[in-house]
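Below are two complexes that have subunit A in common, paired first with subunit B and then with subunit C.
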Partner chain A sequence: MKLTRRDLLTLGGGVTTGLLFTPVPWKLLDDTSIWTQNWPWIPQPARGPVEVKNSFCALCPNGCGMRVRLAAGWPVGVSGMPHHPVNQGALCPLGFGAHQLNWHPRRLRQVRHHGRASSWTEALGAFRKACAAGPVAIIDGYPGRAASSLFQSFSRRHGSYGVTLCAEERALGPYETWSGVPATALGYDLENTATIVSFGAPLLDGWSAPGRFTRLWSERSAGVTNPQLRLIQVEASQSRTAACAWRWVSIAPGSEAALAAGLARALHEEHRASENVPMPPTTLAEAATRSGLSEDAIRELARTMVARGPVLAIAAAPEPAVAALNIVLGAVGARGGIVRRRQHAESYASADSVKGPFRAVLIDSSVPGEFALRTDAEVFRFAAWEDPAVHADWWLPAPGFLEEPSDIPAAPASSIETYALAVALASPPPEVRSAAQFLAQVNPSLASVEKVIHERCQQLFAARTGHLHREQSTAVANLKSAEALEKEFRSGAVWMGDPPRTGGVRCQLREWPAQQAMDAPHAATWTGGWIPAVLPPLATKLYQESSLREPPARSEI
Partner chain B sequence: MSRRSVTFGFGFLAALAVGWFAFPRALYVQRAQPLEFRHKTHAGKSGVTQCSDCHALREDGEFAGIPRMDTCAACHTDRIGTSEPEATLVDNYIKKGQETPWLVYSRQPANVWFSHAIHMRRAGLKCAECHGTYGESDQPRAYQVNRISGYSRDIWGRSISRFRRAPHEGMKMSDCEDCHRKRSIEVGCLGCHQ
Partner chain C sequence: MKTRYGMVIDVDRCTGCGACMVACAAENNVPPGSPRVTPRTGITPMLVHKVSNGADGEGRREAFLPVTCMQCEHETPCVSVCPQQAVQLDPATGIVMQMPQRCLGCRYCMTACPYHARYFNWWDPAWPQGMEKSLNPGVAVRMRGVVEKCNLCHARLHAAQEKAAAAGKREINPHDYVPACVEACPTRAITFGNLADEKDPASQAARSPEAFRLLARLGTEPKVYYRSTRPWVRALAEPDTGRKEVQHG
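Showing the complex of A and B:
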C-alpha cells in the first residue's frame, strides 16, 4: 500500500485532534511558563536556613525599622518593625521591595570616569590631586549620621560641607529663620494634635515616616464622620491624601499662601488669633479671588479649624505664610504644634548655598539623584545605582540596601528624638566602597564609622536618659554598660528620648511674610524622597494596589 | 470504513496513547533520595507521635522544615543496627558534619512565600490535608522531577490530568486559590508573592 500525501495529512489531523484530548498541550504550556521563570540570568535567592533579623532602612532619612527575612544569609523579604516607636510596623512601597534593589540592572558595580571603566586607584589619585590643588565641597543627603560627622571633619580641613534636606525639613525652614532653632531640631507633635490643616503635604502618601501619620489617621480618623483627628487637606487636585481627608478644600493652584493669609485675617477679625501677631496685608476679598473660594468659605474654614484644638498647619514646602498661620494659631512651641525635640542641634549649610570656587565636589550616595550642583569643579559622585540623567565626572560604586552599617538619627519632622543602628545584612559586591571609606583613604587620621557609632553609644549611656524600645521598653538608666546598650542597638533596639517640652521654640514675627510660590508639593511623597531613579518591581506593584484604598464615605474609580 | 477514516483514527488513537501513557513517563525523571528514611520506623521505635515533633515551628513562627543533621545526630551518633542506610547516614553525613541533601517533594518556586504557622495555627489545617499520609509510610516515595520546570511531580499532582485527585494532591497556585475560595478567605497576589 502506497502512503500518499493525503494519508500523511489525514494522519497529522488525527494526531493533532487526538493530542487535544490529552494533557500534553496544557501541561507543556504550564511547564514552559515555569521554565521561563528559571532562566539562568534571572537572580534566584539561595536555598538555605531562613531567619529574621531586625535592621533599619537607610534609603531615606526617615530610617524606618524593618524585619528582614534572610535565606542562606541573603535578604529575601522585608516587613515593618512593629515595635518601632515612629513607623510602628509600616513601610513605604519602596521599603517593602528594597531587598530587590541590590539586583537592579542599574546597579553600579565599577568605578566609571566620563562613561569609561576606571579604578579606585585612579579615582583616589584624582581626588587627592584635587584636595591638594584647592578646596573641595562634600554634599551629604542624610546629616546626623556617624558618616556625616566624618564628612564634617574632612571638610573642616579641606573645604566646605553642605546638606540636602528632605521636603519635611525644608518646610520647617521659616521657623528656623524666625526662632534661630535649627530645622533639624524641630518636629510636628502630631500625636497631640486634634486638627491638621495640610497645605498640599501628602500626609497619607509617604510624608515623613510612613507609619507615623497613617497609624494616627487609621486609629483616630478613618471612616468616621466626626473624627477625633480632623484632617483638612487644602490642595488644588484630589490627591490620595485629599481623597481620604476629613475635608478636602479645593483651591486654585499656587494660592496656598494667599489662603493662609486669608485664614489668618479671618481669625484676627473674629479675635481668635494669638496676640502680638501682625495682621496680614491680604484682604479676605483678595484671598478669595486668588484661592477661588468665597469669603464666607474662608471664614467658615477658619472657624472649623479652631473649633477643635490643638490646631496645626503643615506645608508641603517652605511657605512662610503657612508658618505665620501657625503663629496666629498659637501652634509654635505648643503641645500638638511645632515642638523642639532636641536642645543641642547643629544648623547645616544648604548644599545649594555652598559657594565655590571648588576644585572638586564629593557627593555622598545619600544625596537624592535629582540634586545637581552648578559648578565647574570635578564631581565625584557615590551611588549604588547609576542614573544616566545625572552628571558626574566620576561615578563611584557605593554600598546598596543594608550593605553597610549605619546609625539612624531621628526622622525629619519627628517630635521625638530617636537613635538606632542599621546593621549590614547583605554582602556588598567586591568593587563597592562608601564615601566615608574613600575619605579615610585620603586622610587616614579620620576615625571610622564604627568608632564614631561606638562613641555615640557611650555618650547615650552616659546621659542615661530615654528608653530603649524592643518588644518591651527599658530605661537606659537600667542598662549595665555602654557595651550592653550597643549590643541592644545591634539587635534592633531603638532609643527614644524624653517627650519634648513645650515652649522650646519662640518665633518673633514683626510683619506678615511676603508671599511666594510654593515648591512642587509632590516632592515629599515616598518616591520624591527616594535617592536614585530606580524602583524595585515590588514597589510599583504595591503602589498600584495602594490606589485601591477606599477613602471614607467616598468611592474612587 | 474508508481508508481516510482508518488513517485519521489511527493517528487519533496513537496521540491518545502517547499523551496519556508515554508523555507522563517521558516528562518526569525519577531520582533516588540520598537516604532511605522510614517515617513509620521512627514513629514506632522513637516514640514520635506528631509530625511537629520533628518538623517543628520555631519560636518566631517560621517553619523549620526538614530536621537538621544535629537532630538526627542526637540518636545516631553511632550506628544503630547494621542496615546500609544507617551506615550511609552515620558515615557520610553525621561524622562529616554535612547536611543530607534531601529532595523535597513540596518545594515551591523561590517567589512563593508560604507560612506554615498561619495555616496550622490560625486555619487549624492538619499536615495530611496538604501532604497526605506520607508520615505513615514505611518506604521513601519515589521523587520524580519535571524535566522542563525542574519541580517535583507533587506540585502538579500524581494525576497527569488533575482529574479525580485526592484532596492533598497538587500544590499549584490554583490549588491554594481553590482552598482559599472554599473557605471564603481573601486571595491576593501579595499574600504569597511578597
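Showing the complex of A and C:
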C-alpha cells in the first residue's frame, strides 16, 4: 500500500481531532498555566517566629499607637492600639501600609552632596566648618520630643531653632497671640462639646489623630436626625466632612471670615454673645453678600449654633475671625471649647520666622517635604526618603518607619496631655543616622536621646500625676520607681495627664480682627497638612485602583 | 451552634477614608498596583464606592459604600459556574472560599458575580526589592492568572481555631477572629459576627429595619448587610428603584 500525502493529512487531522476528545490538551494547558504562574521569582513571605509588639507611629505628630506584628523580626502588619486614649485603635489608611515604607524605591541609603554620592565624614566636616564660621539654624517638624530638646540645646550655642507646626496647631495661633499661651499647649475639648461649627476643617478626613474625632462622631452623631453631637460644616464644596456632617452650609469660597463676623454680629444683636467682645464692623448685609447666604440664613445659623451648648468653632487655618467668634461664643477656656492642656509649655519660633544670615540650616527628617526655606545658607536635610522636588545641598539618610526610638508627645490640638515611647522594631540600613546622632558627633557634650527620655521618665514619676494606660489603667502614683515607669513605656503604655482645667486661657480682644485670606485648605491625604514625600506602595488602592481619592500632587507612591 | 459569618456595614458611619482597603491589602498580601493599573484592573477585595443621591447644589448628598464579596448563601453564583471547583461554600462557616491553586483563570466567576467583587491577577505579584520581608506569613501570595476575592480573612480564622484547639476548646473566641477591614475601620462602621446566632451583635444589626442587602431580589442570600437611615441610600440596593447616579470606585 502506498502512503500518499492525502493519507498523512487525514491521519494528522484525525489525531488532532481525536486528541481534543482526550484530557491531554486540557491537562497540558492547565499545567502550562500553572508552570508559568509559579516562577521562582514570585515573592514568598518570610518565615519565622511571629510576635506582636506595641509601638507608636512617628511619621506625623499625631503619634498614633500601633500594634505591630513581626515575623522573623520584620514588621509584617500594623493595626491600631485599642487602649490608646486618643486614637483608640484607629489609624489613618496610610498607617496600615507604613511597614512597607522602609523598602520604598526612593529610600535614601547614602549621603548625597549635590546629587553625588558622599560620606558622613564629608558631611560632618562641612557642618563643623559652617558652625565654626557663623550661626546655624535647626528646623524641627515635631517639637516636644527628646530629640527636639537636643536641637534646642545645640541651637542655644550655635544659632537658632525653629519649628514647622501642623495645620491644627497653626489654626490655634490667634489664641496664642491674644492670650500668651503657646499654641502647642492649647487643644480643642471635643469630647465635651455638643455643637461644632467647622469652617472648612477636614474633621473627618485627616484632621488631628485619626480616631479622635471620627470615633466621637461615629458614636454621637452618625446617622441620627437629632444627634448628641451636632457637626455643622461650613464649606464651599461638599467635602467628605461636609457629606457626613449633620448640616452642611455651602458658602462662597474664601468667605469664612466674613461669615464668622456675620454670625458674631447676629449673636450680638440677639444678646447671645457671652462675653464683652467688640462688635464686628461687618454688617449682616455685607456678610450675606460675601458668603452667599441670606441675612435670615445667617441669623438662623447663629441660633442653631447656640441652641445646644457647649459650642465650638474650628477653622482649617489660622483665622482670627473664627477665633474671635469662639470668644463671642464663650468657648475659650471653657469646658467643650479651647482649653489649656499643659501649664508649662514653650512658645516656639516658626521656621519661617527664623532669620539669618546663617552659614548652614539643618532640617530634621520630621519636617514635611513641602517646607522650603529661602536661604543662601548650606542646607543639610535629613530624610528617610529622597524628594527630588526639594532643594538641599546635603541629603542625609535618616531612620525610617520604626527604625529609631523616640518619645511621643501629645497629639496636636489634643485636649489631653499624653506621653509615650516608640520603640524601634525594624533594623535601619547601615548608612542611616538621625539628626540627633549627627549633632552629638559635632558637639560631644550633647546628651543622647535615650538619656533625655530617661530624665523625662524620672520627672513624670516625681510629679506623680496622671495615669498609665494599657489594657488596664494605673495611676502613676501607684508605681514603685521611675525605672518601672520607663519599663511600662517601653512595652507600649501611654501616660495620660489629668483632665484640663477650665479658665486656663483668657483672650484679650480690643477690636474685631481684620479680615485676612485663609490659607488654602490642605489636600485631603489623611495626613492633614503633613504631605509625605512618599506614600506606602499600597496607597495605589486608594489613588489608582479606585476613584475614591485624587492622588496628592507631590507625593510618590 | 451553627455558624454563618457575615457583616453589617453601617453606611451612615462610613467616611470613605479607605483604611479598610489598605488594611485588607496588607493583611492578604495583595500587591500594590502596577504603574498601568486602573480601577478596572486593580485588585481591591474591599472597594469603597462613592455614591450620591443624584441632586446638584446644596441638595446633593453623598455617601460611601464599601463593597466586598457578599458571601452569597443560596445558589452562590461563583460556585455554580466554576469548572475547577476552585470556589466552595464552606458548610461549617458559610464563607465562600476561593482556592487559587485550583483556579484555571477562566473568569466565569467574575462574569457570574452580580457584585463585581472578584478580581483577576493580570500581572505577576511584585513588590519593590526587599519589600517581600513585609509580607504576612499567614497568607500565600497569589500567582498571575488566577481570580481572587475576599475570604473574610480566612487566615485569621485558622489562627483563632488553632488557638482554641491549643486550649482544648472546639469553639473559637469571637474576639480572636476579626477580619482586617473590621479591625481597621476608624468609625467602627462594620459589625462582624455569626449571623446564625441571634444574640450576636451582627445578627441583631442585620435584623434592624434599616438593614438592607444589595440586589436582594436575586435570591442569593448575601451575608453582607448594609444599614442606613437615609432612604436614598437604601434605594441603592436595587438599581432600578431610585438610584440616579453612582460613581464606581
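As a convention for this text, the second predicted complex is superposed on the first by the 486 of 557 C-alpha atoms of A that agree within 3 Å, B and C clash if a C-alpha of one lies under 4 Å from a C-alpha of the other, contacts with A are read in each partner's own complex, and residues count from 1 in each chain.
Following the convention adopted for this analysis, a contact is a pair of C-beta atoms (placed from the backbone, for glycine too) under 8 Å apart; a residue touches a chain by one contact, two chains touch by 3 or more.
All of these numbers come straight from a predicted model, not from anything done at the bench.
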item	value
Which of subunit B and subunit C A:L28 touches, first, second, both or neither	first
Touched partner set for A:Q44, first subunit B, second subunit C, both or neither	both
Contacts of A:G211 with subunit B and subunit C, given as first, second, both or neither	second
First (subunit B), second (subunit C), both or neither touched by A:A514	neither
Touched partner set for A:G77, first subunit B, second subunit C, both or neither	both
Subunit B versus subunit C as contact partner of A:L538, first or second or both or neither	both
Partner chain in contact with A:A389 - subunit B first, subunit C second, else both or neither	neither
Chain touching more of subunit A, residue-wise (subunit B, subunit C)	C
First (subunit B), second (subunit C), both or neither touched by A:A132	neither
Intersection of the subunit A residues that touch subunit B with those that touch subunit C	30, 37-38, 44-45, 50, 76-77, 96, 538, 541-542, 545
Complex interface listing, subunit B residues touching subunit A	3-4, 7-16, 18-20, 23-24, 27, 60, 62, 109-111, 113, 146, 148-151, 156, 160-162, 189-190, 194
Touching residues (chain side subunit A, partner subunit C) in the complex	30, 33, 36-39, 41-48, 50, 69, 71-72, 74-80, 90-94, 96-97, 99-100, 102-105, 204-205, 210-211, 214-215, 217-218, 222-225, 238, 240-241, 243-244, 248, 250, 526, 536-542, 544-549, 557
Residue numbers on subunit C that touch subunit A, as the complex places them	10, 12-13, 15-19, 21-23, 25-27, 29-30, 32-33, 37-39, 42-44, 47-48, 50, 57-58, 60-64, 104-105, 124-141, 143-146, 180, 183-184, 186-189, 228-230, 247-249
Interface residues, subunit A side, partner subunit B - complex	6-7, 10-19, 21-24, 27-28, 30-32, 34-35, 37-38, 44-45, 50-52, 76-77, 96, 538, 541-542, 545
